[in-house]
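Per-chain numbering from 1; labels A, B, C, D and E assigned in written order.
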Amino acid sequence: MFTLPTEMAQPVADFSQDTWWIWLIKAVFIVLFLILSVILALWVERRGLGRMQTRLGPNVTGFMGFGQAFADAIKLMIKEDFWLKGADRVIYFLAPVIAATCAFSIFAVMPFGPQVSMFGIETPLQLTDSSVAMLYVLAIAALGVYGLVLGGWAANSTYPLLGSVRSAAQVISYELGMGISLASVFLIAGTMSTSSLVDSQTSLWHVFIALPAFITYFISMVGEVNRLPFDLPEAEGELVAGHTTEYSSMKFAWFYLSEYINMINVSAVATVVFLGGWRAPWPLSAINDGMFNEGWWPMLWFIAKVWFFMFLMVWIRGTLLRMRYDHFMKLGWKVLIPVALGWLVAVAVIQGIGSFTDIDTQTILVILAAIFLVIFAVLWFVDGKKGDDGSSAPEEQPEFDAFAGGFPVPPMPGQTLPPSPRAKRAPAYSSTAKEAGSDE
Amino acid sequence: MTPVIDWAALAPAIIVMGAAVLGVIVEAFAPRGTRRPIQVTITFAALAAALVAVVWRWTEVQANGSQTVVGGQLIEDPFTLMAQGIVLVSGLLAAFVIADRTQTREGAFAASAAARPGSPEERELTRAGIDQTEVYPLVLFAVTGMMVFPAAGDLLTLFIALEVLSLPLYVLSAMARRKRLISQEAALKYFLLGAFSSAFFLMGISLLYGFSGSVRYSEVAAATTVTVGMDWMLIAGIALVLIGLLFKVGAVPFHSWTPDVYQGAPTPITGFMAAGTKVAAFGAMIRFLYVIAPGMEADLEVLLWTVIIATMIVGTVLGIVQKDIKRMLAYSSIAHAGFVLIAVTSFQETGIGATLFYLLAYGVATVGAFGVVTLVREKDAAGNITGEATSLESYAGLAKRKPGLAVAMLVFLLSFAGIPLTGGFVGKFTAFAAGIEGGAWPLVLIAVIASAATAYFYFRLVVLMFFTEPDDRTTVIASEGMTLVAIALAAVATIALGVVPGPVLELVGNAAVLLP
Amino acid sequence: MNPYTPLLLMIAIAAVVAVLGLVGTGFLGPKRYNRVKLENYECGVEATPNAGSAGRFPIKYYLTAMTFIIFDIEVVFLYPWAVSFERLGAFGLIAVLTFVFLITVPFVYEWRRGGLEWD
Amino acid sequence: MSLMNYVILAFILFAIGAAAVLTRRNSIIALMGVELMLNSANLSLVTFARMHGDITGQTLAFFVMVVAAAEVVIGLAIIVSIFRTRRSASLDAPNLLKN
Amino acid sequence: MNTSQAAAFPWLTALILVPLAAAIVLAFTKSLHRHAKAYGLAVSILVAIGAVIAFVTEFDTGSAGTVQLAETYSWMPTIGVSIAWGVTGMGAVMIALSVLLVPLVILTAESDRFLRPSEEAAGRRDAGYIAWVLALEAVMIAIFAAQDVFLFYVLFEAMLIPVYFLIGSYGGPNRKAAALKFLLYSLAGGLIMLVGVVAVYVAGPGGPEGFLIANLAGAVTGSQTAQMLMFLSFFIAFAVKAPMFPVHTWLADATEEAPAGTSALLVGVLDKVGTYGMIALCLPLFPGAASDAAMVIMILALISILWGGFVAIYSRDLMRLIAFTSVSHFGFMVMGIFSGSETAMTGAILYMVAHGVGTAALFLIVGYMAKRGGSQRIEDYGGWQRVTPVLAGGFLVAGLATLSLPGLSGFVPEFMVLVGTFSVSKIIGGLAVLGVILAALYILLPYQRVFTGPRPDIQVKDLGAAEKTVVGVLTAGMLALGFLPGPVIDLVQPVAEQSVAHFDDSSTASALTEGNLQ
């Protein structure tokens, strides 16, 4: 074998003084933080969506309807917890536990802030970190899928099963784009430790260097947590409620909760990886020699950034329609993965040429631009003839005869209906329809 | 830090693998109708070019000596090149059979392996004369694995090569045009047992690594003399790795896949894998045993002797009762594995040459024999030619129908039986000579009795072919030409190896140089 | 200090919370037996027998799973390389680019042959 | 905790996997058994790597993961195609090949 | 021995290649098929003439014990194999026997009921048969000329293929089973010999000519046990070939089903390869082991003599009967070889020739008869003396030669063997004499049943011209060997002398190896 570095670079954050009770405090804090955040998120989502849809949203219980979220939570807890007939009981029970455990655990490596003094002990605002912290995040996230899949499977019912299979396909499809886009950031930063990632963004956030990666990641992350426009596993119109259909009470609550925690998780990852983590945004960071980047302040910035992403997701939900499944898979496989891969290769090559040769950056960029132009031109032509090797190339179809057998028949795939005799009236009609639709 | 890569030394394997990758790209972009000609061209060109490259490297190595490549992961020595040469020769011969579509214009492979048998989609493709042309890149990938397998200089490369050679074969096994379910089940069995043995292989690697702290053969070998204690790890590691290799060569008790896979796989693939896999696996086994195990013959003797004796006996005894020619050849291959193992485990320099020669003779004859099998077909009541007629009875009167084919088959069978003036005889002779030289005369004695017994089932087939009248349920179809070329080349080569083996013996004798 | 001990602690706490929630709700909630309640939810239609175990999924799901496995492995290889990019140098870069190329070839193949179409 | 315990654990897992392959007749379970065996080998590789303070074992484990993945893919493909041809994934049911 | 000693013209190579090439040409030239017999006859006579010229001009009768007409070519130097031809007196007479019998067999090829079940089946069938016979002739000449152990082994095995096809393609109703039985017995024996061949090379001096008999003789090292094992591996193969009790059973089946010409060649010449091998290989290579095992082998030979005789008496099939008489005769030969007496050894070699002529005659004549009578079973015949007097006369002469009537070929060798054996062991010699009495029974009883008695009501012709020629030539041969055995004895006696010398060396040889061991 080659002589490889035997030890990876250690994370920047220094946990040397931590004791077991510090860990306990942090861990309990994380759990509480997440549960409260979810309740807040519910409220934000309902109110926000209401605003976007020009209605009020919950506004009766508590201050501005804030109590409604708590009420819902308590209601779920005291609902009857039933055990479905024919379910695989062990897995039926285990699935929500897995989902919830995985959702909670991811935050263990999220840095809320830099070193602070806690009961006299210097410790980072982060439960723990390691050189492969991001790998841990991805691993646990992937493990969380088991909750969904097993939940759907254990119920021994049609809709949940379909939902869970869809969700598995979806999560794994988007995980690839996400993983590859993250890899390009790791390449730039040279680390996978969360605290070191934040550290590497001291001068410049990654979002500015690696915008394509950020965009890929952002789309993937929405897909990853099954949010609109990618909420196909639960598409209530088709699948009732996906894998949660057969769950009640706390079992359902954990699924529900884990979904929202996962939103927070991916937002936190986006924050740490692309948005400088707990670092204060530019004008603030310049104030008083970086005062806002020390002590407990950064926790504020971190949470703010996470909520920025949370809000984005709510906003998207209020704006976009659910995608069709084939479009959705196409987006994942044919756009996100190639883009992420291409971006990764580009980053690697630029980095590589910069590091390992004497060519200066200016030249590289010019050459790259030329290459991209060529590729773009090639793709332009390749894309021209779509479909599988000509076999599905548009052939001269015989004109469709709707009354071939003496009675009206629908067109086969690939055939088009002849223009309706009433076609002339259609434009006027559709324009009115469009106006009517936009009113809603 | 950065290893120096001698690309020239890698050339043979890279040519084949590059062609395989190119084949995949062709599959992606070439229009359906043009794929087959392109793929066939690429395959033959790549194999021939690789053969040329091997010859070139041979002269280089003879002139400049052996070397390690990519920091020792691969070894380029005469042995490597000879084994690669044999793989390529078998592969090239097999490619002729694989590419042939016979007069029926239907190859041995499913029109579309993904289409359900009997589905309208499949009928459509069959009518259009479309083949599953992925076969060719897959074959090339398998050849790559086979070429790297004996060249591997460390256990990691060995493992990767094992998988590279196995995985395409699993897939290829499932692609028979007819009797698809049998084919798929054969593939499944092959796959599961293959993966199972890979796991043992891997555990063995892990133990050897645990023992020595390295996966490099030379370092493991060095550790055997230095490290004290932990001997169980070494022995268990070697034994487990051997299990993986013995599985690949079909030695008893790791043979149970052989008859089923030989029977179920498309016949050209059966020939290809019977020839190629054995060469590769025995090549790897020789390097592994001769580099790591010297000094431990005594520890391994019980294991190896048991395996060898069982292999020979099971191969012969079960071969006698077979009624299907492909199964019969499978058991014969098991018995042959036993014979080769005698040479391999002799731990003599002559054993290396003997193994190589035996494998060449066996590989050539095997490809030819399975080539013949592809041409004997069943006829249904309406006189339509259907699948291969693999029952032994189908060969009745072959000499009356197609004397040339029957004579070729006779040559292959004589070679299998080890009758003088065929390559098989010289192979057996050299193998047994190595065995006796290594002191394994009891094994040799059992081997000769076993080979007398194997002769029984070969000559039963000869009786059917030459002394029995043909019936009208079977027919012999004409090939497009390529299978005939393969059969003719194989027959000529088999006889040439028997009559004038001198030059080849000298070559393989020169190849018995192992660089640890 | 082992950095992984807190991780175990976190996971343990999370699991305990999750299990406690489920156990607690068993005490908190009412228990009213109703045969229909325990049936599968089928939108009011009579339940499909063996609904869950039929296992009739479109073949595409398997294909997606297989493709995913291959790409996931690619990602696994990319991470360590990305992190030690500088130390591995030009050789590592070329090796990984070759690797990515080799993975891309089957991806392109699958794409062209319609493996990524959901129709 | 001695590192040897990990090796022993690996052996146990390996044995469990092997038992699964040998005794369970469902091909998917058998496949899982094989995966378990491969991963137990990984575990022991990584343990040995730790023992020797050498990275080769970890590298090997990476390759094993690739191979395991490729094997799963091919195994699944074969099983699915059999399943499509005959609606069952049991190892017992395929019996066209006599033993 | 080296190439410089080689004859000016490579006679032996020519003698081997001509029939081989002729066989291949015949097999692949369709236009020749109709004239296959004439072609075969011409080739075989040409070979016979060539052999005569070669031996007359090049062979020095004075030094018949040394290898002459030698040629050596390198073949597989890596494993010490060369192509080495050369003959001693013994080889020369065996080759002469072969080249004599082959034209005779071809001459009356159509007088065989199996080969020619009906007249329509001629043409291609004849061509195949004659091609195989010619190929067989090539192998026979080659094997008696081989001076390299490996080459000998190769030919020993290669010989199976033509015989296998001669039985399997052209034999009687059970030919497939008989052919397979023949093949498997011979192959098993041959493969056991292969172990010995390999071991001999490993234990021998090695080198690029390590397989030459000349280089190996007296140079095979190894413990006494190893020597004995190697000797046995060779001996078993030869015992199968020269059918000795208890591995003789294949012979009766083969001859029963094979065409008469094939049987004649098989028993007349091919089986002699066994006894030839014992003399040419076993004795020089493993003198110690040979003399150690001599007594056991002689007892086995005795059993062969008696057993073969007894079974022959009770045989109902004439071909089987002749086969069993041969088992008995081979017993005499083996006994002579291992008796260690020069007289017996000379007798044994002479016996090989005499038996070849006599048995071939018997097989051929019975074949002519079976063609006419449509059966080989004794009970189907009776009184044929009156219908076919020439045939009956031929049978009687050949039979009498077989039972060693003085004046015919069998007498001298049998007498010599018995005398030699007596000098070694009175008991064995005495019991062997019983074989002579049995011989009278197994020849005269069938003669009585088949040829004597009332004239049967059948319409068959007596022997035709070709058949008469064959019987005439063979009878002449028997008479010649009976009255004038001198020239042949002169040829083989030096060989016997040398061979017996190995027994004399053996005590010292084994003492030497034992000494090495300690």
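Note that in this section a residue touches a chain if its C-beta (ideal position, glycine included) is under 8 Å from a C-beta of that chain, and two chains touch if they have at least 3 such contacts.
All figures in this text were calculated on a predicted structure; none of them were measured in a lab.
Asker: What clusters of chains are still held together by touching when subunit B is ignored?
Answerer: Contact components excluding subunit B, positions unchanged: A, C, D | E.
Asker: If you average the C-alpha positions per chain, which one ends up nearest the average over all of them?
Answerer: If we average C-alpha coordinates per chain, B lands closest to the whole-structure average.
Asker: Sort the other chains by how far their Cα centres are from that of subunit E and give me the top one.
Answerer: For subunit E, the chain whose C-alpha mean is farthest off is A.
Asker: Going by the touch criterion at the top, tell me which pair is linked by more C-beta contacts: B-D or B-C.
Answerer: B-D
Asker: For subunit C and subunit E, let me know how many angstrom lie between their CA-based centres, rounded off.
Answerer: Once rounded, the distance between the two centres reads 80 Å.
Asker: Please compute the C-alpha centroid of subunit A, do the same for subunit D, then give the distance between them in whole Å.
Answerer: It comes to 32 Å between the two C-alpha centres.
Asker: Quick check: how many Å separate the C-alpha centres of subunit C and subunit D?
Answerer: It comes to 19 Å between the two C-alpha centres.
Asker: Once you find the CA centre of subunit D and the CA centre of subunit E, what distance in Å lies between them?
Answerer: 63
Asker: Among the residues of subunit A, which ones contact at least 2 other chains?
Answerer: 1, 4, 389
Asker: Enumerate the residues of subunit D that touch no fewer than two other chains.
Answerer: Residue numbers touching two or more other chains: 54, 56, 59, 70, 77, 84.
Asker: Note the residues in subunit B that touch 2 or more other chains, in rising order.
Answerer: Within subunit B, the residues that touch at least two other chains are 1-3, 29, 156, 215.
Asker: Show which residues of subunit B lie in contact with subunit E when the two form their complex.
Answerer: Going by the criterion above, the answer is residues 353, 414, 417-421, 425-426, 428-430, 432-433, 435-437, 441, 444-445, 448-449, 451-452, 455-456, 459-460, 462-463, 466-468, 500-502, 505-506, 509.
Asker: Contact residues on subunit C for subunit B in the complex?
Answerer: Per the touch definition, subunit C meets subunit B at residues 89-91, 102, 105-106, 108-109, 111-113.
Asker: Can you list the residues on subunit C that touch subunit D in the complex?
Answerer: 59, 62, 65-66, 69-70, 72-73, 76-77, 80
Asker: Over in the complex, which subunit C residues touch subunit A? Could you list them?
Answerer: That would be residues 1, 3-7, 9-11, 13-15, 17-19, 21-22, 24-26, 28-32, 37-43, 48, 51-53, 57, 61, 64-65, 67-68, 71-72, 74-75, 78-79, 82-87, 89-90, 93, 96-97, 100, 104, 107, 111-114, 116-119 of subunit C.
Asker: So in the complex, which bits of subunit D are touching subunit C?
Answerer: Checking each residue of subunit D against subunit C gives 62, 65-66, 69-70, 72-73, 76-77, 80, 84.
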